[in-house]
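Structures are listed in the sections that come next.
Two complexes follow with subunit A in common, the first pairing it with subunit B and the second with subunit C.
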Partner chain A sequence: MSQATKEAGLWTAVKELPGNFWSSIFRNPLPSSDLERASTSFTNFFLHIHPVKVHRNTLRPIYTLGLGLISFFLFLILMVTGILLMFYYVPSTTQAYDRMLDLRGSVAFGTFLRNMHRWSAHGMVAVVFLHMCRVFLTGAYKKPREFNWVLGVGLLLVTLFLSFTGYLLPWDQLAFWAITVGTSIAGYAPLVGQQIKFLLLGDATVGQEALLRFYVLHVAVLPATLMLLIGVHFWRIRKDGGLSRPEEPANLAVRVTAVPVEKAVEEKKRTYGLVGFVRGPFTKIGNIPDNSVYSWPNLLMAELFVFVLTVAAILTLSLLFHAPLEEPVNVMHPPNPAKAPWYFLGLQEMVSYSAFWGGIGIPTVFVLLLLLAPYLDRNPRGVGRWFARERLLANTIFITLVVVKVIFIVIGAFFRGPNWSFVSPW
Partner chain B sequence: MPVAQRPRMTAAPSEQEDMPRRRLLSWFTSVGLFGSAVLSAFSNFVFIKPRATYGQPARFAIGKPEEFPPGTRISLDARRVCIVREGGKMAAISTTCTHLGCIVGVSDTGFACPCHGSRFDQDGNITGGPAPKPLPWYKVSLKPNGDLEVDKGVEVMPGTYYNV
Partner chain C sequence: MRLALAIASFVVLIVHGVVFYDQFFHRWERHQEAYFDQARALSKNQQERAELEARAPRIEQVIVTSFGDTRVDRCGTCHIAADDPRFQGHAQPLRTHSYSAALGDTLRNGRWERRHKFSDFGCTVCHDGQGRGLENYYSHGEDPYWPEPLLGFVTQANWRAEFKPHLRGPEYLEANCAQCHTEENFAGTPHVSRGRKLFFSMNCYGCHRIEGMSEGTLGPDLTEVGKKWRVDYLWESIVDPRANLATSFMPKFQLSDADVESLVIFLKSRRGMNFAETSLARYRATHAAEIKPAAQPAGVRGEDLVREHACTACHKLGAEDGGIAPDLTFEGLLKDEDWIFEHFRNPRSRIPDSIMPAFRFPEEEFHAMAGYLAGRKSPPAPASPAETYQGLCARCHGEKGNGQGKVAYYLDPAPRDLTKAGFMNSKPRERLLHSIETGVPGTSMPAWGKILPPERAEAMLGYVLTTFTREPRREQAAHRVPEANPVASSAGSIAHGEQIFVQRCSGCHGRKADGKGPNSLDIVPRPRNLRNSFFVAALSDRRLFDSILYGVQGTAMPAWIDYGLSQQDVGDIVNFIRSLNQKPTGSQYARR
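What follows is the complex of A and B.
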């Protein structure tokens, strides 16, 4: 009899194996109640980055434009395509360029992957910059989100540096001269400039040492830094009370009180009493209108939508346009004019007036202004709306700086010919 | 209860005596730990600063003086110098732009940089563009075997020629 139950037990186990295996991975069935929707968000490793509920304002596409998410998804695409490209790339002055040709000629999807990597990189620089504009123009950097803005400026700088280091790797003419110029700009920094240049290049001029150094920075040091910063950036969004949004009307102000879980559940029949322990303005215990919705499925669907759109855009671009590859490096003949990538053309244009002021002085002031913006502008009003009237001055200054920057880029890109002399694009 | 309290009673006076010592110890510990962290961070920079480089040597031979007839202005792009000979006088002028390190091209009027439009006259003096300094001149000498040698490690005053 005991034998019979054993056999039956084994048979039942085999029969139920797929179901048991599935439920051992996913502890929750597809949610059909609020309790399950909440628990889906916090029992899944990949989903628990989300809060259980998000404010409706967070989901308004016109408020965020999804720019932060797009930057992150572009970074994911860059990681995947970058790692794949690493299988074929050799950071050697004698091999790098040939490997680029190999990608074109003898590697399946080689051109396509390189296109994806290149266009995502350009896209990431652009979108990170636009994301910063969004955050500034909606006043989202104000208390308590000052430090997340600082982290964001750090992310912008790391993104630019990642793009710059990646620029050298194909070892073509464009790469070599852009890096020669770029590292010379670093050499103009007071006191430590020449030291920094030497550390970056590992030699007096751009050569094998520089290529290896830029490779290590590009595939290990900087991505790791970026991931760490992204992690803290995301974490702070939650800890700073979710995305910025307009203030709730005063009579509905939320009173923040820590409520014991059992009591909260018992009194209000709420299933998410845990949030009562988290400080910030999103505690939902008390008689206030609930302006939040469950992350599953609302936030998740929005994210999926942005993700699919981002991937589709990059795939389309990569099918239509090829990443440029110029002639192999010829250290004796700089192309004329030698131009940096578009996002550094504003810098290059400024550098053509004065290497120190254009390349070091003004950019440093610009970055310092960005870093200090939330600490200089303490006006608490106008948060959570585009172009708020109360923020007219701050927004005007910011837009002016952005427009000047764009003008310099346009001049550098279209109005500069051989010997960097002024030419008309028409 | 009394048993548990007794050690605390005896500990109380010595606890007060211990406080400055504890604070001192914790101060030493923090300084030690923080200092080690700073030192090890700094040692990374020491590590990545190469002690030997594999680039071009600063001193190199360029050939016999006869290979450069009077009136020569030849740019040795691989060496990044322009060899000038006027009569019996020879000089080596750098062709690395002092602005941002591009190679300047040799023209009839002097040198021109393709990157940001710096221009120099025949002696390397700035005539236009963003370059902050004139092109440096390097020491030229004759080796025992009769070869001319340029030493990029030694800059000489512009206008200093070597008489062959």
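What follows is the complex of A and C.
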């Protein structure tokens, strides 16, 4: 009898194995009720970064344009393609270029990987910048999101530096001279400029030491920094109460009930979950009408959509356009003009007027202004709407600076010929 | 949204399909399969057929380590039949590489044997191109970024269209033959040998340095020019030197297309150290050998030397005209032997901004040539002013008197534009006549008074003023300028003069007062080089004061009296300018 039970047990176990295995991983079935939807988000490691419910405004495509997500997905693509490229790359001045040729000629999917990595990198710089513009123009950096804005500026800088360090690695003429120009700009900094340049290059000129340093920065130091910052950035989004949104109409206003911690602990009569201690707009006690929807499936579908769209765009770009690979490095023969990567062309253009002010002074002021923006602009109104009328001054200043920056980049990219003289592109 | 998601997913799928197709169906595989099929059909040997049957496409490569940097040549992946003699009549890429006795291949028992085996030499050592590439676009170097396209076979898309037809042909491969076959008259590289001869006979060596061959310093060093540049750039630099560098003063020599081709092939073969030498051999060659053009047997006549050294590649001498440098036909009348000799030894000791290189010939040869030129004393036949102008003046001042004669570009200072009435009419007639009769020191304007008697010089001036200047002279208000500089020269005066000069004058005349200030390129005529001692020494204080205070009409020099310079200031500037130029001793042209 017991034998039979045992056999039946084993048989049942085998029969139920797929189901048990599945349910051991995914603790909830595909949700059909609100409770299950909440539970799905809460119990899955990859989903629990999401809140259970998000505000409707968060899902309005026209509000976020999905730019933050696109940057993150581009970063994921960069990680995957970058790691695959690392299998083939050697950071050595004698081998790097040959490895590029091998990637192009004889490594399976080599060209395609490189194209994806290249276009994603350019795309990430552009999209991170646009994301910043979106956040500014919707006033989303205001209290309580000031520090997340600061983190965001840090992320922009790290992204730029990451792209810049990657620029050198193919070790072709484009790489060599772009980095020569870029690091020379750093050399204009007062007092420490030459030291910074030397620290970056490990030498007086771009050479083997610089290649190795840029490689280590590019594949280890900066991605780690970026991941850390992204983690904190995401965490802060939730802790700051989700994405910014307009103030609720009066009839929907949420009354925030702050529960004094000491009191809660002292009062033994009621027990609160951890949730009960969380202060802020999301702490809901009682049944308060709100304007939020469940993350599953609304937010997830939106994210999936952005992801597929990003991947599709990058794949198509990589199929149509090849990443440039110019001549092997020739130290004796600079191209004329030698141009920095496009996102630094604005700097280079400004440097052509004044080395210190264009290369160091004005950019430092820009970055400081960006970092301090939420602390200088304390006007709490106009959050959560594009081009809010209350923020006319701030938006005008910001747009002006952005337009000036873009104009400088366009001039540097298209209107500068040999000896940095003005040429007409048509 | 679901529809959009579906479309986007579909795009992802399609792109994957295309990428995978690209990845797994290479063109070279099809070439190899075609080769296996055709070779099987041609084969008479059962075993060979079986072997061919069993072969699958793969990348064929040769790793070449004996010639410079390690090369990885994968050309045989497509050109898989290159060493299979049965494929001689086939179309590329499946054609046998030609056999040739000239390349050293030998015919033994009806079978050719290669001198340069592909397994030892690879392909790119001779042909250039990108050995690692597996697609035509990259491997043949059609990609404009690749510095070494297949020599003589591939022209890149961005090359100038008019050059492209010249840049094809197997003779360009000689540039690579010469990497090992460095003998001067190696039979296999006739174009390189011819180019080398032209390098000397067209006087290229006077300006350009090639390590172990020549010592010129005026132009770029050409020791590694073949490594740095593609053939299209070399061609362009020879036939149109200013295309790449607007300020280049390299002359456009009169060369046939065949000459240019030989020079390009010769230059393409200059790659610094070549495969044939070790670093030690190179060191010995460059440090032990004294570079001298082949010595002339003693007692050679100057006339022969002038021909030998190809002076007429630039100068005019009798009927021969290089179209670049001044006419030497009447040199004996215009200059004396000492002047010519000193000028040979260092042209810039006589004409400070001359572009003529200082050739390193033995002194005897200079003496012989100077003697020959000084002996040319037959004057031109008397003629009307118009004919005289066309014979003596037009080569520099231009047939229309606009200062655009055919050698004008190479003269510094440039010949005066005689049509500019503003200048011509603001200067006293005596000064213009003086310039014709005694020349302008420190410039290429010779003293025509030694050829033309005073009345003919007078008639010439009249001709110029009526034909070119045309506008009648108008009397101008008298200028208040001192005859001699009233300010005594002293250290303080010079320092003050320099201070004003740097503030007011250096924008055009340059900080060094050499006439090469930042604005100088936009100004015609160019600002004066105030370090030209011969010129400055011949200027009177009066003329300096006049030019500074009242400007020079018809040029960019403004009247500084309008900008608040006092006589005292100008005196200091004049002292400063004089202090830059030590008074030349000897004749007005000669300085020893």
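The rule we apply is simple: the second predicted complex is superposed on the first by the 398 of 426 C-alpha atoms of A that agree within 3 Å, B and C clash if a C-alpha of one lies under 4 Å from a C-alpha of the other, contacts with A are read in each partner's own complex, and residues count from 1 in each chain.
Heads up, the rule we're going with is that a residue touches a chain if its C-beta (ideal position, glycine included) is under 8 Å from a C-beta of that chain, and two chains touch if they have at least 3 such contacts.
Note that the coordinates shown come from a computational prediction; the quantities given were computed from them, not determined experimentally.
Chemist: Let me test your reading of the model: by the given contact rule, A:Ser23 touches which partner, first (subunit B), second (subunit C), both or neither?
Modeler: After superposing on A, A:Ser23 lies clear of both subunit B and subunit C.
Chemist: Give one of first, second, both or neither to describe whether A:His333 is in contact with subunit B, with subunit C, with both, or with none.
Modeler: It touches subunit B and subunit C both.
Chemist: Check the residue A:Met301 against both partner chains and state whether it touches subunit B (first), subunit C (second), both, or neither.
Modeler: The second partner, subunit C, only.
Chemist: Who does A:Ala108 touch here: subunit B (first), subunit C (second), both, or neither?
Modeler: second
Chemist: Look at A:Leu325 in the shared chain and tell me whether it touches subunit B only, subunit C only, both, or neither; answer first, second, both or neither.
Modeler: second
Chemist: Kindly classify A:Gly207 by the partners it touches after superposition: subunit B alone (first), subunit C alone (second), both, or neither?
Modeler: First partner only, subunit B.
Chemist: For subunit A, what residues appear in both contact lists, the one with subunit B and the one with subunit C?
Modeler: Correct list for subunit A: 332-333.
Chemist: So in the complex, the part of subunit A that touches subunit B is made up of which residues?
Modeler: For this pair, the touching residues of subunit A are 177, 180-181, 183-185, 187, 198-199, 202-205, 207-209, 213, 331-338, 348, 351-356, 418-421.
Chemist: Looking at the complex, which residues from subunit B come into contact with subunit A?
Modeler: 45, 48-50, 53-56, 77-78, 99-103, 112-117, 129-130, 132
Chemist: Could you please specify the touching residues of subunit A with respect to subunit C in the complex?
Modeler: Against subunit C, the touching part of subunit A is residues 98, 101-102, 104-106, 108-109, 112, 172-173, 301, 304-305, 308-309, 311-312, 315-316, 318-319, 324-328, 330, 332-333.
Chemist: Spell out the part of subunit C that touches subunit A in their complex, as residue ranges.
Modeler: 1, 4-5, 8-9, 11-12, 15-16, 18-19, 23, 59, 72, 74, 130, 132-135, 138-139, 145-147, 224, 228
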